[in-house]
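Pasting the structures here.
In what follows, chain A forms one complex with chain B and a second complex with chain C.
Entry: the complex of A and B
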């Protein structure tokens, strides 16, 4: 039951659950980017685990590296957008931003 | 012994993730996010993915943390998370159901024995997935250019200078 790979799978599912919960309850734009980071960390772990399970570790690692690069770009652009939104609209609250015009 | 190590690292990561989500101050949440990165990279290292562990530690716990602190310093007073729109118990129940379903769907994959067809990382990355490498390079350049454009301060136009 508690083999190492099972424990990692439980960890991945737990991290995904916490991430989904965060996406539902978070309203701050910067925090949304942080929650996406948590979800991506779970995905990276799942990809490496899948590589280990299938006996194809090289493919798992290279896919995880690709996801890591894309995730970093998402974080960087998301934070830059959040800063610009704050400068333009004066708020980071997602429901308020979605009702604004201009 | 190995299971206990993985369990401790991942329980720590889940605890930090929960604290990062529920903490009101975004600066505290940033520190918790860096802790998650460190714990996940330790787990990746134990799994045998040392390359990804190093990238995760340097990028996740380093670069992204610095960027988050910069963003918090820029937004200042707005760095507080307001109360959620969806009631938290409802969100908890929904996420619990999804997580349990995900666990039931993913658990049989662990038991499956797939034949070993190991490919070296260099071959997988530079030969089988060479298109992805080029896309990554393009992605990095586009990210840098996007950030330069987005973070640039608005310079006063010629007409504004004349009025002044």
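Entry: the complex of A and C
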């Protein structure tokens, strides 16, 4: 049951679950950035796992490293946006600042 | 060698498109020059390519598992249409130098024209159905962009969108047919479809055949999709000559001619093709009788003449349709360009305001009359031979009542042609219009096309040889020019037709004398609604847009709802995968 493979798989699924759950219920922009980070961590873990399973460890790790870099940028830009949003609108509540309604 | 030529004939116009665009709108002279150089070079290469026709693919590019091979096959049908597209294209570009003089957006104009020429050539040369579809869609987009070229005019924008929507129906038909063929044959190659069509089960083959018929009818503005072409006349006139008379609208005819051997045995298919052509030819000719807009009248006559070609294919005369296509491309381009120089000169398209222009524009009057006589089918002009050829085949291979209706259509053609010439160039001047003579560039292209109207029927033997030697599936019979001339002159069909054409002229003459120029009478309400199809179009479009309005409710703008949708979609995919596995 608790083979390393299974542990990592549970980790991936668990992180994805936490991430999606967070995205579903959160209304705070900073928390949105945080749960996005959790989601991406799940993806990175899955990439490494896929590398291990396919016997192509190098490819898995290098892809994971690439995603890591991109994801840092997402975090930085996301938080910077959150700061700007707070300054302009005076709130971090996502529905209140939404202009996407069709 | 042929491979290089094929690459050049598609690549050069596209290269030219980028070059003209990059030249910038500030340098009009450079743009005109570049456009002429690239289009004329393409035309020359397309003529050279005629000598390298073969039924083998000359370019083969493997594209991986799902797309098969991109091939280009310069067989007779392809190279003859390539030559028509490139030559008429270059003449339209030369004409544009005068017509578009002083326009500030030449970059966009020439980019779309040259891009169109390349795509049209790719469409006919491609041996891979999927790429035929891609090129097909590019031509539709270029046509849309050029119809709506004067994009500050709401009528032009509406006409462009209408053309785009209706030709998309055809595009979907082509794609569906292509995919059904792929599922059943495992290949996108046209040659494979032609070869194995007889081994296909009858249901998928019928689906392919009728999807292609829908595609062809929508592209060639045939019944019941005939409503878009007259509205497309908001385009600059060289575009009407090139895209909406000589090339793009022929793509449908090309598709039917290309796949005729494959679909011949499908029950009711040839009869459907015959009827589509018949109905289009008749109702478009009736509409042309009372049109007051010069370009609309020509557009109706284009639909009508395309109807003759479709009718010929339905009657089994694939070669006759291609022969008429060649004649029609030349004389209709001539008519459109001549009409263009009239419109450019007097600044209106309304025939009610014209009249008596012949004396002030003698050259344009003469070439327009030549084109009009060819359209009406008066002897020794190219339209006469090809139309009689179609009628002869119609009499031999189709029910006699359809021949009768087509004959009636020929009479109507003579009638509206005479009316058009009379209203524009003869009679009294009905309005104070400022007319000036056509410019040099206009005269050059008009002169070449007028000469072509006299001589293209002499290429009958060459075209026949080209098609019969390189198209193994069609089984074309060898027929020389002399045999064609003798068989037409000795056929009773010809003399009937000439009688009817003469009658059409005669009635027209009497009516003109009686000064009943514009009365629509009973026809007017029918033509205004495109014989009842305009309300259908409106209904469909409004239905779709109302449905889209309802769908707005799903766009809540709430991030959390969107996430729920994404997760729901993911779950559906997972369930489908799990069920499938």
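Please note the rule applied: the second predicted complex is superposed on the first by the 97 of 102 C-alpha atoms of A that agree within 3 Å, B and C clash if a C-alpha of one lies under 4 Å from a C-alpha of the other, contacts with A are read in each partner's own complex, and residues count from 1 in each chain.
Everything below uses one rule, namely that a contact is a pair of C-beta atoms (placed from the backbone, for glycine too) under 8 Å apart; a residue touches a chain by one contact, two chains touch by 3 or more.
What you are looking at is a predicted structure, and each value in this text was computed from that prediction instead of being measured.
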Partner with the higher number of touched chain A residues, chain C or chain B: B
Chain B versus chain C as contact partner of A:98, first or second or both or neither: second
Partner chain in contact with A:43 - chain B first, chain C second, else both or neither: neither
Partner chain in contact with A:25 - chain B first, chain C second, else both or neither: both
Partner chain(s) touched by A:52 [first = chain B, second = chain C, both, neither]: first
Set of chain A residues, in rising order, touched by both chain B and chain C: 20, 24-27, 95
Chain B-facing residues of chain A, complex: 2-22, 24-28, 30-31, 33-35, 37-38, 41, 44-45, 48-66, 68-70, 72-73, 75-77, 79-84, 86, 90-93, 95
Residue ranges of chain C in contact with chain A within the complex: 552, 554-560, 563-564, 567
Chain C contact footprint on chain A (complex, rising order): 20, 23-27, 32, 94-95, 98-102
Chain A-touching residues of chain B, taken from the complex the two chains share: 2-3, 6-7, 9-11, 13-14, 17-18, 20-21, 26, 29-30, 33, 36-37, 40, 43-44, 47-49, 51-52, 55-56, 59-60, 63-64, 67-68, 70-72, 74-75, 78-86, 88, 91-92, 94-96, 98-99, 102-103, 106-107, 109-110, 112, 114-125, 128-129, 132, 135-136, 139-140, 142-143, 146-147, 150-151
